[in-house]
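Each of the two complexes below includes chain A, the first together with chain B, the second together with chain C.
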Partner chain A sequence: MTQPMVSPKPWWPMEVGFFLIPVAAFFLFPLHLPLITEMMILALFAVSLDLVLGYAGIVSLGHAAFFGLGAYAAGILAQQGWGEPLSGLVFAGAVAGVVGLLTGVLVLRGSDLTRLMVTLGIGMMLFEAANKMNWLTGGADGLQGVMVEPLLGAFQFDIFGHTAFWYAYAGLVVLFYVARRLVHSPFGLCLRGIKTNRLRMSALGSRVNLHLLAVYTVGAMMAGIAGGLLAQTTQFVSLDVLSFERSAEVLLVLVLGGPGRLYGGIIGAVAFTVMHEVLSGFTTHYWQFWLGLVLVLLVLFARGGLLGLVDALRKRAARGTASAAAPERAA
Partner chain B sequence: MLTVLVDGVAYGMLLFILACGLSVTMGLMNFINLAHGAFAMVGGYVTVIMLNDMGVPFLACLPAAFVLAALAGVVLERTLYVRLYKASHLDQVMFTIGLVFIAMATADYFMGAQQKLIQLPEFLRGRVGIGDAQISYYRLFIVLLCGLLAVGLQFALTRTRFGAQLRAAVDDGRVARGLGIDVSRLFAVTFAVGSGLAGLGGALGVELLGLDPTFAVRFMIYFLIVVAVGGTDSIVGPFLASLLLGIGDVAGKYYVPGIGSFIIYAIMVGVLIVRPQGLFARR
Partner chain C sequence: MTPILETRGLSKSFGGFFAAADVNLAIEPGIRQALIGPNGAGKTTLVNLLTGTLPASAGTVFLHGQDITRLPPQARVRLGLSRTFQINQLFPDLTPLQAVVLAINEREGRSHRFWRAVDAGREVVHEAMNRLHEFGLDTVARERTADLPYGRQRLLELVLALAARPRVLLLDEPAAGIPSGESGEILDAIGRLPRDVTILLIEHDMDLVFRFAERITVLVNGRVLVEGAPDAIARDPEVRAVYLGEEAHV
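And then the complex of A and B:
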């Protein structure tokens, strides 16, 4: 094989255009900025899970553990007087990353069910710990008094959410770039190999566990940064950042968009937020019912999520026009 | 001390009845079913409605809870679950979480979000003093009933033809199929019985565990712990795991209330690290 397996993937014009959509949204929906900010944070969280689940195939029921850790790390740092946002974000990512590294060793053992239980158990342990450590986390009342200083010393976090919007946008773009580089690197290729056939990859000499541990740590770090972003932009941390429901929610977001293709997380976050807004608009209390229904239908009829549907349609169209070359996926 | 022990045993026995169906179905089809608690919830609400609104005696409610939950189980199994046996674990997880959400919202819509209470019949109220310990009749009743059920299940599994087929299918589904065992039918029956037992457990648990729409999620974790720690290839493993969990949880909450459920999760993670296949698994 003369051609290298992995060439640096050029950015498609469509991809650049995709990331201009939030910029357009900034001017189109000036009253919904906090919502869009939250959407972008959710998207980043889902992308971090995509690395772990979509690319490495680790089914986690406790990814919120890292999101929550990051949120509390950034929040507590700011509450204790270190309000500089960027270093707070780095701190959030570092704390979540270290815990991810330590717990990742445990997660690698056993079957899918064992992994599920260990990730769930670790998530619940952190939830209980945060619940009981009133003096540090504020317990069930949430973390009060988070004071975040102006971004870069110049941009105050304003009441309209302008700064928060651009801050979250920058976070999403930068980390998405990192994730994109990662999955298109030889490392990312290895991960996909492991997901497809673990035994064969180890027979080829790939250090399977080391790779899985690395991607789990990176995923934890990104989730932590997403949590830190949430804490800093809302200047509040509530206990539910660590809850099981949040872990389930991010799974849903990713499955909704389509796992294993990075953009799935973002599309899923948009679809989920819109769905949430619309559904809870006419049934405030029972929107969970519709959420469940969507999940069930999704699994029964559209396994690849929204992007999977798009792919299927595109394939059908390609068959119609008899184009020989299969169109390569964008992500 | 004795009170804690009896409470723990009663709690553990109840958990066993609730979770044993899950462990058998997981072992049989390698299907991750997070919606098991929803069937328990069906049983609980059936009891509440029959007892409070229709005036049916408590002991008559229990079989009804079993039958209706089993019915719900077999209908869902034949129509929906059966499509997902070959799907990935992620799809199974997502699908059953969806079912849980639907069950929770439905229960909330029809029954309200508040906790439901039932009035136990006269002969189950009150306590008996043994030494300086006070033990409620109801807990003794649960220990007795669930103990009998556990013995009956163990008997059915080890001594009957159906049990032998079931064990064969759990061991190696393909070979069992090759020997002419109708694994699909076997699974439907097992799923129905498992759901029914969960319903029965839910009915018994209204008084002990409390019943509200979040029941399905709150105890999902406990069921999974029983299955993960007990292993899926016998009924003795989940039984011992349930007792351990029940006693550990009650004792933990009694002696060190400050750290709450933390101990349980820590024990589970610890066990799974040392024995990823479960504490009582053969492998």
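And then the complex of A and C:
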């Protein structure tokens, strides 16, 4: 009766172990801390998209809108003299959340194609707006003069990126925990229901649109915080935080890792970053060719991304042992 | 007695073709009523109009005397109007238990809770298991819905509609696609539902209809041809000509 229903009992020890990997990385790769920090921020960004796409089934080609809004919100706040980082992050999340709420109303309506176009369009508009509003955003030159105060009043953001690393790590862990609780809650189950059968959900009395709007807003807030983390840890915001490429990249990262599993965003971010580093070491300019190839193969032959692939292999192995055990039972 | 569900002049046109035309229904509380009619008569369309799945072109729907014509489907469900679908509308990747928990959460207005675990509410899980048990689904409660045999899925469709604790239940061919040996079981299960649930049943099998119904409405070409007690319907020459005669070669 108490057996869990949403997923096999979350395996805490393994999950804790997973989140200790970055700690190990901190000591193993001291020279790559900025890269790992950026990877963790990308992971958080991808997890935020997973809530929207993987769990609620809302396709988006403009998720960078919220990442970028958060980055500019935190960056401009610090530039204007409010350099306290935590409140800056809250501000970043709030700004992105409000815009998510307002634009979410438009995204609810219509088919997947409509949603793709609406999210794409909103992303483009924000990009151009930031480009034009030179006086506020610094335009194409980027936002200069972002001065972030020490974290908790004690830890200066240092040139080795130690503080930035732990700051981004904490952000990822805390928000991942929030997302994890959310997807295992009644609300999370409701989202999965909406994703698979909207008609049935409304026949159960569900306020489908309200729930979709809620998760879209949460996803936007989380993306905004990821953007805020990037602005604060790099003390700079460039226009590309709002670019279409960034929206496409986060979608790619999530599909690579496997949507609808929460860890897919993280695995995807690691795989993406490692591939980028390794492949561009070999072929400088053509690494995207290999990335594209991997993506195509993965989508065609392993639906569910890397984690989907792992699942499929595990299932095959389990079937192997089951059929091996079957004769025993028959005997 | 005042009807619990009533329509006046309810119509639906699909580009000039009337799938429902000037339908007047008055369903008494607690009754077991059947809606019959040949294929394409507009039975499913009528259910869709009653539940709000389709917007009406003209006319009014009343539930408990309240005009619900403009309410969205989910609001009607919360007023006690629930349905099953002719073609299963389930969650293939969820287990029956998850699906029923989902239905109960919706009924209780708990589906927005995002911080507690979904299986923390033990009474919800308990109720869900009881509901599944009633229809013999407790043994498959934790299997993937898509992996269940069709007959089981059909029962789950019914359990989900009931989990909303409806006052009025609209059943669109609940035994459709089930071997005729088993369809009687489903109808018996429906017949055992408590009397405080009003039931409108769409069904093609005349034996089942006459075993179940206290009142029968015959729909032809989107219009109510005749409505009455089962024996009156069975004797009605027009019904025999239009409908029961055709039934012989279905």
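Just so it is clear, the second predicted complex is superposed on the first by the 311 of 331 C-alpha atoms of A that agree within 3 Å, B and C clash if a C-alpha of one lies under 4 Å from a C-alpha of the other, contacts with A are read in each partner's own complex, and residues count from 1 in each chain.
Operating definition for what follows: a contact is a pair of C-beta atoms (placed from the backbone, for glycine too) under 8 Å apart; a residue touches a chain by one contact, two chains touch by 3 or more.
Here the structure is a predicted model, which is why all the values come from computation and not from measurement.
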Three-chain arrangement built on chain A, chain B and chain C clash or fit: fit
Partner chain in contact with A:Leu106 - chain B first, chain C second, else both or neither: first
Winner by number of chain A residues touched, once chain B and chain C are compared: B
Contacts of A:Ser185 with chain B and chain C, given as first, second, both or neither: second
Partner chain(s) touched by A:Ala203 [first = chain B, second = chain C, both, neither]: second
Which of chain B and chain C A:Ile41 touches, first, second, both or neither: neither
Cα-centre angle that chain B and chain C span when viewed from chain A, reported as a multiple of 10 degrees: 80
Partner chain in contact with A:Leu239 - chain B first, chain C second, else both or neither: neither
Chain B versus chain C as contact partner of A:Val299, first or second or both or neither: first
Which of chain B and chain C A:Leu89 touches, first, second, both or neither: neither
Partner chain in contact with A:Met125 - chain B first, chain C second, else both or neither: first
Least Cα gap, in Å, left between chain B and chain C after the two complexes are fitted on chain A: 10
Residue ranges of chain A touching chain C (in the complex, touch as defined): 1-6, 181-182, 184-190, 192-193, 196-197, 199-208, 210-211, 214
Chain B-facing residues of chain A, complex: 53, 59, 61, 106, 109-114, 116-118, 120-122, 124-125, 128-129, 131-132, 244-245, 248, 251-252, 255, 259, 285-289, 291-296, 298-300, 303
Complex contacts: residues of chain C adjacent to chain A: 51, 53, 72-74, 77-78, 82-83, 85, 89-95, 97-99, 101-103, 105-107, 110-119, 121-122, 125-126, 129, 142, 160-161, 163-164
Chain A-facing residues of chain B, complex: 26, 32, 80, 83-84, 87, 89-91, 93-95, 97-106, 108-109, 217, 221, 224-225, 227-228, 258-262, 265-266, 268-269, 272-273, 276-277
